[in-house]
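Presented below are the structures under discussion, each in the form of structure tokens.
Both complexes shown next keep chain A, but they swap its partner, so chain B is in the first and chain C is in the second.
On to the complex of A and B.
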């Protein structure tokens, strides 16, 4: 019996087990549009659950995609009761940390407090490469902790609109890296714990070992969750061109080496020129020929993946209405013959 | 008896030196004895990897992307296996070299050392007396220990030395030392001329 995988994300959209969904790929292939589309479809299909869409890309686009402003605190999307969005702002998060540190150190007279005044900590650490990934990861840990403690808003599924490939891979490596670092630090702290505690000294006298163990436990929890295919999956977004496909292949291999589940690919910006009799210039035909060539290769290469083929629309896919219209094909699949008119039906956003 | 001792010493010194000169064959010897399976496996994997890489280079990535990518995956897999096999072979070789060093120590170095201590004073041949200064003649006949013991003898047994013999014997210890130095010098000259 031939087992053929559906070329849509119906199973994922209606999944009741997934807690973490990452949407990633090369720059400019439609990650934000895809992540917004997946979120909208999931929220519509499961109205009793709460969904959170987080952007971990420092160059945030969620606000532009929905046409409304989102910030570092989760806020519901206008027109949807169970979908919230958040754009992690590294500088704001660092400023919060800085303010907290200043408050803990007390005012004046203390050398460390003077150093931290005026956001010095934020300035120093804000430009460290990888800080964005680290802060996004901290946000994930905070979210898990809040869920366990029953604090704040509870979200059943978190969808990540990630940064271009390299940054995302760094983000996903963090649990492993942190775990190893904490292991080493644990060995050292075990030997020099009391001495380390005395360095922090003064009124604080932090229990370094305690905090480290807590962090280690959280990181282990995240590692477990990220490698459980029932809880976490990665949706790769690409376009039908060599560079994008090659990067997608590398991304998939890298994700597999992290034991992360990846079984869905969204191929965006397809022209389907064969089925468009009205608007079918020579350029479109040439590009479609090239895209078709790679589409056949994708089908051969990823035969056990859900490969969703999405069209290039005439207008921008911005605003909730346009995203709703566009995102339906993630669940049903796009048929150019019957669904072709959607390309010209998107409303123009002001 | 003396001839056999000298012959054995000569064989041991020369064999040790030859082994040192042909140390680049050490890997082959170690591979042949200790790590043959590992070396064969590595050779097989490297051959397979090379074949896949040749195959990949012969096709266009853009025209046959799927085939190219499948080859790429196989190459990545084989690469890992080759690295693992190299690491395994390295460890086998290290273990083999350690065993080889022990064998060399037991069969060559230790016997030579034993010979030098046990039969070090055996006379190999003699030189006419007066050919070298007295101190040198003492060293030739009694070895380097005589030099070390000279101050002690001066304190314990002062006075004129016993009359010397007509010929100065050259002991085995000094002879081995001289042979080693000659071989070192020849090696140095040859290396300087070849380099």
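On to the complex of A and C.
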């Protein structure tokens, strides 16, 4: 059997099994552009399937990347029937939760209802570290539930445009943390069940326990899915520089220690100055020399990975057309000699 | 290529990657990267090597990284001098300009058990310091120190099945010790001593070990020796089973643990009771052997007198 690995994402783009695709890396390496590109390519390659691109980065960029406004609810990208985007907004989600709590407690005119007026719950919980990751995780759970219940739009594949590495690792730890938390809660509830019954009334306690068990089952399901390489994969994005390479290696090792599959690396912003005689300045030559040094190391370290080398374009990669143009290189690979002109052909966004 | 062949190829490639990263490969890869840059201060410790207990969907632990980060931050705030030369305490006194720093310093003090809350003393630490200390020592085995919180005495929760198995092996050890002592030493020794008292002629050697003074000396020496051996074996059993029951295996100890510190005017009550119980254990074994010896002497005297 041939064990050579293609230096493109053709396999992933045409994959029919993957349900969750995470795109992550160090800040400023082009995660959003890469995740948008993967989503566009997948949606184009599999027109009969529905794709959802979720931004879990608190500093959302999806709207700017596509040049149209996305919110906390999934909305189709203009010009693509099978690709939707959403940006999880922690403050809006928390405001909703606050309003729900006010609606439930406020009618009785009790103290809690008064306290929550004016978004107190949102203000308090909004400042909790990791709340963005928790809310993203809730979205994943909601998505699974919706799919099971057949409600709303069904998505075959969800692509995550993640926050920089640290946030993403916290997000990926959540299933485990939640699972442990729920297990502990179950133990405590088992021990103090009769006491809880006497305080809250049996029916309410049963309801809480039922919900906890349901939540636990969902979390377990996500844990299983995230560690199944046929269902979940992580695409690392980096640039050919020392710190980015180091962080990518650490990210890959962390992910492997989580039993998560990672087999693709996108190396962005490459100059390919050797093949560009027309725009070959001294600075470009110097940077390309530096990039080549790390590219050699990347080739050596990641010979069993799909390493895709993407060019630094002359303009910003914003808007569906530009993204389409750029994203094709993910599927076919970038050839500096033949594709060199395309990087100067990007439309200027107003 | 068929779908099955592709899946198989992906699986084999995954295994190949895992092999490269495993067995210290992670650290050497990081070392290779950092070796490219001059004066790099980046760590080459691989998460794969150090994280055999990484919090992961597949492996069971808590949120170790963030805890470690917090520990490091607290340690830095508590013990390091700020760059401008002022200590954290000085910052506190120089007006409340840095409430966050103040909060971290308080937390750090709590975590290191150096609470300065009003009314907290080493004998009666406040509840937050005790909780923090019990959290810190929760995963460590150790002896009770003066001022330790009695409810969190550093004993990790022990699985009931493991404890039962340990108790069974300890009981077995005790039974063997008693059999060896009684059958192979006390019984023959008492027999010879009792017989020598009714025989008119005996060798001087036998006489030297069976007279009343020598009997007590030899008996006590033997008891000390066997007791020492027994305790050594008991300690090694505790070590091999990772259980420390010597301090808290009795109902008395659990009752003592329920007395809040400061209520009884005795320092380190828990430790003292624990030590007393250990002495009582030794004395009770000695007394049991002595009672058995007296019983044997009585039986032999009765037998030979009748």
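Rule of thumb we're sticking to: the second predicted complex is superposed on the first by the 333 of 350 C-alpha atoms of A that agree within 3 Å, B and C clash if a C-alpha of one lies under 4 Å from a C-alpha of the other, contacts with A are read in each partner's own complex, and residues count from 1 in each chain.
The criterion applied here is as follows: contacts are C-beta pairs under 8 Å (C-beta built on N, C-alpha and C of every residue); 3 or more make two chains touch, one makes a residue touch a chain.
Since we're looking at a predicted model, the values are computed, not measured.
Engineer: If chain A is used to align the two complexes, do chain B and chain C fit next to each other or clash?
Structural biologist: Overlaying the two structures gives a clash between chain B and chain C.
Engineer: Go through the superposed model and pick first if A:263 touches only chain B, second if only chain C, both, or neither.
Structural biologist: Touch partner of A:263: chain C, not chain B.
Engineer: By the touch definition at the top of the document, which applies to A:5: first (chain B), second (chain C), both, or neither?
Structural biologist: After superposition on chain A, A:5 lies in contact with chain C alone.
Engineer: Touch check for A:297: first (chain B), second (chain C), both, or neither?
Structural biologist: Both: A:297 reaches chain B and chain C.
Engineer: Going by the contact rule set out at the top, does A:344 touch chain B (first), chain C (second), both, or neither?
Structural biologist: Once the two structures are laid over each other on A, A:344 reaches no partner at all.
Engineer: When the two structures are overlaid on chain A, which partner does A:245 contact: first (chain B), second (chain C), both, or neither?
Structural biologist: Both partners, chain B and chain C.
Engineer: In the three-chain superposition, say which chain, chain B or chain C, touches more residues of chain A.
Structural biologist: C
Engineer: Residues on chain A in contact with chain B in one complex and with chain C in the other?
Structural biologist: Residues 242, 245-246, 249, 253, 293-294, 297, 301 of chain A touch both chain B and chain C.
Engineer: Can you list the chain C residues touching chain A in their complex?
Structural biologist: 5-14, 16-18, 20-21, 26, 29-30, 32-34, 36-37, 40, 42, 46-48, 51, 54-63, 65-66
Engineer: For the complex, give me every residue of chain A touching chain B.
Structural biologist: 242, 245-246, 249, 253, 293-294, 296-298, 300-301
Engineer: Could you list, by residue number, the parts of chain A that touch chain C in their complex?
Structural biologist: So the residues of chain A in touch with chain C come to 1-3, 5, 11, 169-170, 172-173, 175-177, 180, 223, 226-227, 229-230, 242, 245-246, 249-250, 252-254, 256-261, 263, 293-294, 297, 301, 304-305.
Engineer: State the interface residues of chain B toward chain A in the complex, per the touch definition above.
Structural biologist: Against chain A, chain B makes touches at 61-66, 69-70, 72-73, 76.
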